[in-house]
Amino acid sequence: MATLEELASLVKGKVVGDGKLELTGVSGLDTAQPGEISLIASAKALPAARESKASAFIFPSNLREFNFQGIEIDNPRMAFAQILWYFYPKKKYAEGIHPSAVIGEGFQHGPGCHIGPLVFIGDRVKLGKGVVIHPGVVIQDDVEIGDDSEIRPNVVLCHGTKIGNRVLIHPGAVIGGDGFGFEKTSDGRHLKVPQVGCVVIEDDVEIGSNVTIDRATTGQTLIGAGTKIDNLVQIGHNVKVGKDCIMVAMTGVAGSTKIGDRVTLAGQSGINGHITIGDDTVVFVRGMVISSLPPNSIVSGQPARPHGEDMRIQAAAGKLPELLKTIRQLEKRVAELEGKLN
Amino acid sequence: MATLEELASLVKGKVVGDGKLELTGVSGLDTAQPGEISLIASAKALPAARESKASAFIFPSNLREFNFQGIEIDNPRMAFAQILWYFYPKKKYAEGIHPSAVIGEGFQHGPGCHIGPLVFIGDRVKLGKGVVIHPGVVIQDDVEIGDDSEIRPNVVLCHGTKIGNRVLIHPGAVIGGDGFGFEKTSDGRHLKVPQVGCVVIEDDVEIGSNVTIDRATTGQTLIGAGTKIDNLVQIGHNVKVGKDCIMVAMTGVAGSTKIGDRVTLAGQSGINGHITIGDDTVVFVRGMVISSLPPNSIVSGQPARPHGEDMRIQAAAGKLPELLKTIRQLEKRVAELEGKLN
Amino acid sequence: MATLEELASLVKGKVVGDGKLELTGVSGLDTAQPGEISLIASAKALPAARESKASAFIFPSNLREFNFQGIEIDNPRMAFAQILWYFYPKKKYAEGIHPSAVIGEGFQHGPGCHIGPLVFIGDRVKLGKGVVIHPGVVIQDDVEIGDDSEIRPNVVLCHGTKIGNRVLIHPGAVIGGDGFGFEKTSDGRHLKVPQVGCVVIEDDVEIGSNVTIDRATTGQTLIGAGTKIDNLVQIGHNVKVGKDCIMVAMTGVAGSTKIGDRVTLAGQSGINGHITIGDDTVVFVRGMVISSLPPNSIVSGQPARPHGEDMRIQAAAGKLPELLKTIRQLEKRVAELEGKLN
């Protein structure tokens, strides 16, 4: 429960209407109930807002004339996120190790850690303070996890994985499986190249459900601080991902590639191995990047090209069948002209 | 064991040959042993049928002349499925909770439930009757599961997930991981938007191995009754999938998209976020759907276009290198003509 | 610890420099420390080699003039793998069954098996000798595993799966989930076709993290000896994969397809169902193979075409927007010529 003016103060917005209005929750326009506050992110949401049962709204300043009450603010989506945090604070887990957990030798951990039921922890594992390990997680030998990180159910952290502070890993993710490295023998078989490096996940990274991140052959596979990885993403061995990147679901990055900071890889993208993607690059949905890209690139397509060029090619491709006809006609017309002149 | 006439009666087909013939099992044409019944789905299967060791066959009426014995029926594939069910009935699991399972507070369940070894169940979980929970499953707080549903090994059902009756979830699937939602701060970092909605799976849904279905930001991510989802499919937050859809392996659906009833998404498809896919639409293999589609659409390609148009574009693309030459020649011929005339 | 001449003898290479040099480890060029040996795979690696701290190198004969000490050998990458094995031998696990494991009836196993904590093993399971089962693995009824195989954490082996010798399965893989088979009823619903076959994994196969391999409808889904499968690959029911194939991450193979020996499927490939891929075929990254391919095919693109043809089409597609202009100009020029002549 909070008053409108309390929430406005929380997000540093301006109260529009009755500041004493009591709000019981926050929800999307279609699901909000009377007493709740909702979000009008932009003018596009106005029809849904008019049908919403919400009692107040967070909205940008250019919507004032529509006579909603609520909070006027420059970045209403950010304010919505903050108010969600207010009504749904991070769940607290009781300190302690569940008796069904199996813990190896030399286990060290800070205060406030929660080790759930049916967890396996190998030897020489170190946790910081306030770490939450959910049921079914397997943590192999020599793993280290920083403060306030949360490892959700059935995640596997293979031996030697290093995880920073405030990292969140969703269920079923596998961190530190062997890289895919083989040498072909003269008789066409594949000899496994031992994968003896590790995976390092820096602070504030989020990793989605059933993601796979492979350990390096030697050295490290690295996920930079603040990077957010969606579900079912694959990161090959020895990849270096920079800081504050966004990697949307089902994207794959092949081995030894170096991705800069603030790079966005949209859903189902693919990035070739042994290349470099410059800072602030955007790869559009299902882009297939074959070769290195300079900083600030914006690419799309299969193979990926500069986005404007790809759009023109796509538009032209759409006209191909008609073009084919035009060319056949031109051939005929030119032949006729040639007949007349020769 | 069943006689041919018993099986024919089961599937409402017509006996061809000796109705008293005793059949010991059912299998594919290449694996069937003497004494077993197999399937001739259409005339294409006749060469394999002639080499099969099966003692009887299920076949459509237009194959009668080939002198097989067995069951003549309009839909032989459906009859094959029914006879498979006859010989391989659903496995029964003993009622009870294995002592190694860890169960939270306020657990409610109907009769006939089987909770396997090494299962974790959180607080306030409710199961209907006849629910089977396999080993290694993690069920978080406030999950509800209807009658006769089966949750296979190492599945994770995150808090608040609601599952209907007769739902089957294959190993490793993660239902209710956080949606992928962030707001960019002014310094280029990504603030997590709390994902406080849930996932609702209606009756008779099947979900494949290692599938990921994200919870809604607020409200519900919904999988409609009768929909079948193959392995490694990703469903984003707030997606609504209609009834009786087919989603083949490795397909991804981005957030907030609404998919109608009886939609087919073939393997490796991708569906953009915030769009609407009309009822009875078919997206061909690896189709990449960027914008909304009306009911009964049939699309393919990247980006997806009406299938006939895409086929024409693909055919024309195959001729592009030759076309390039033709145009260069045309340019030369036209230049020559111009030379003569000017 | 080993001397240079000991390592050279191990890999059958030629010592260049001081054979008595003691080496403490092996690592990549950028991570190697003084005292370690590293790899110069080819001339491309020379700049990195000059900056490396490594004390010795493995290099091909044509690099002798650069005055490195180390091991000269025809296949330096293979020698690097062998020296990695020398310094990082396969980890040994203590024989025994952890008391937290839950074991069904009729369990048989050879000597030297390690069954880790929190493992579930169903009824009538048979293991050979030296099998390692990591924590959180679920093995259902009637599974068989050959000698010296290793099943990593949270893998699920569904009932009836047969696994050969020296097989390595990475975390989270699901072997033997139901195939995706349904028959459409007259009212548009989907009746499940029972999937009563199994999965057979032959000797020396490696399977990546979170891979899914479905059981056959009847008969077997088969992965041939020596085949290596990367993370997040999907293999449909009744697929037969030959020997010594390479299937890179995120590749999907639809049901009933037959893949020959020594086939390479690069990352994010897709192979249609019910087709045949000939021996020694290579499908380039994200190739989408619609129809059968003869042996030794080299294909790429969506849809996949012979690679040379696909490259020409891609090159021509890049010129499409310009081509479009050229054709419009040609039309105008021909019309002018026609005007003059008619």
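Every chain is named by a letter (A, B and C) in the order it is written, and numbering of its residues begins at 1.
Going forward, contacts are C-beta pairs under 8 Å (C-beta built on N, C-alpha and C of every residue); 3 or more make two chains touch, one makes a residue touch a chain.
In this text the structure is predicted, and so the values were computed from the model without any measurement.
Although chain A and chain C share one sequence, what matters here is the overlap of their interface residues, and that overlap falls short of half of the numbers used. Its C-alpha atoms superposed on chain C, chain B is turned by 120 degrees; the angle is given in steps of 5. Centroids built from CA atoms put chain C at 25 Å from chain A. Looking at chain C, one finds that residues 100, 118, 136, 154, 172, 210, 232, 250, 302, 317, 320, 323, 327, 330, 334, 337, 341 touch two or more other chains. Residues 26-28, 30-32, 75, 77-78, 80-81, 84-85, 87-88, 98, 100, 116-118, 134-136, 152-154, 168, 170-172, 204, 206, 208-210, 226, 228, 230-232, 244, 246, 248-250, 262, 267-268, 285-286, 302, 314, 317-318, 320-321, 323-324, 327, 330-331, 334, 337-338, 341 of chain A are the ones that touch chain B when the two sit in their complex. Contact residues of chain B toward chain A in the complex are 100, 102, 118, 120, 136, 138, 140, 154, 156, 158, 172, 174, 177-178, 180-183, 185, 188-194, 196-197, 210, 212, 214, 216-220, 232, 234, 236, 238, 250, 252, 254, 270, 272, 288, 290, 302-303, 305, 309, 312-313, 315-317, 319-320, 323, 326-327, 330, 333-334, 337, 340-341.
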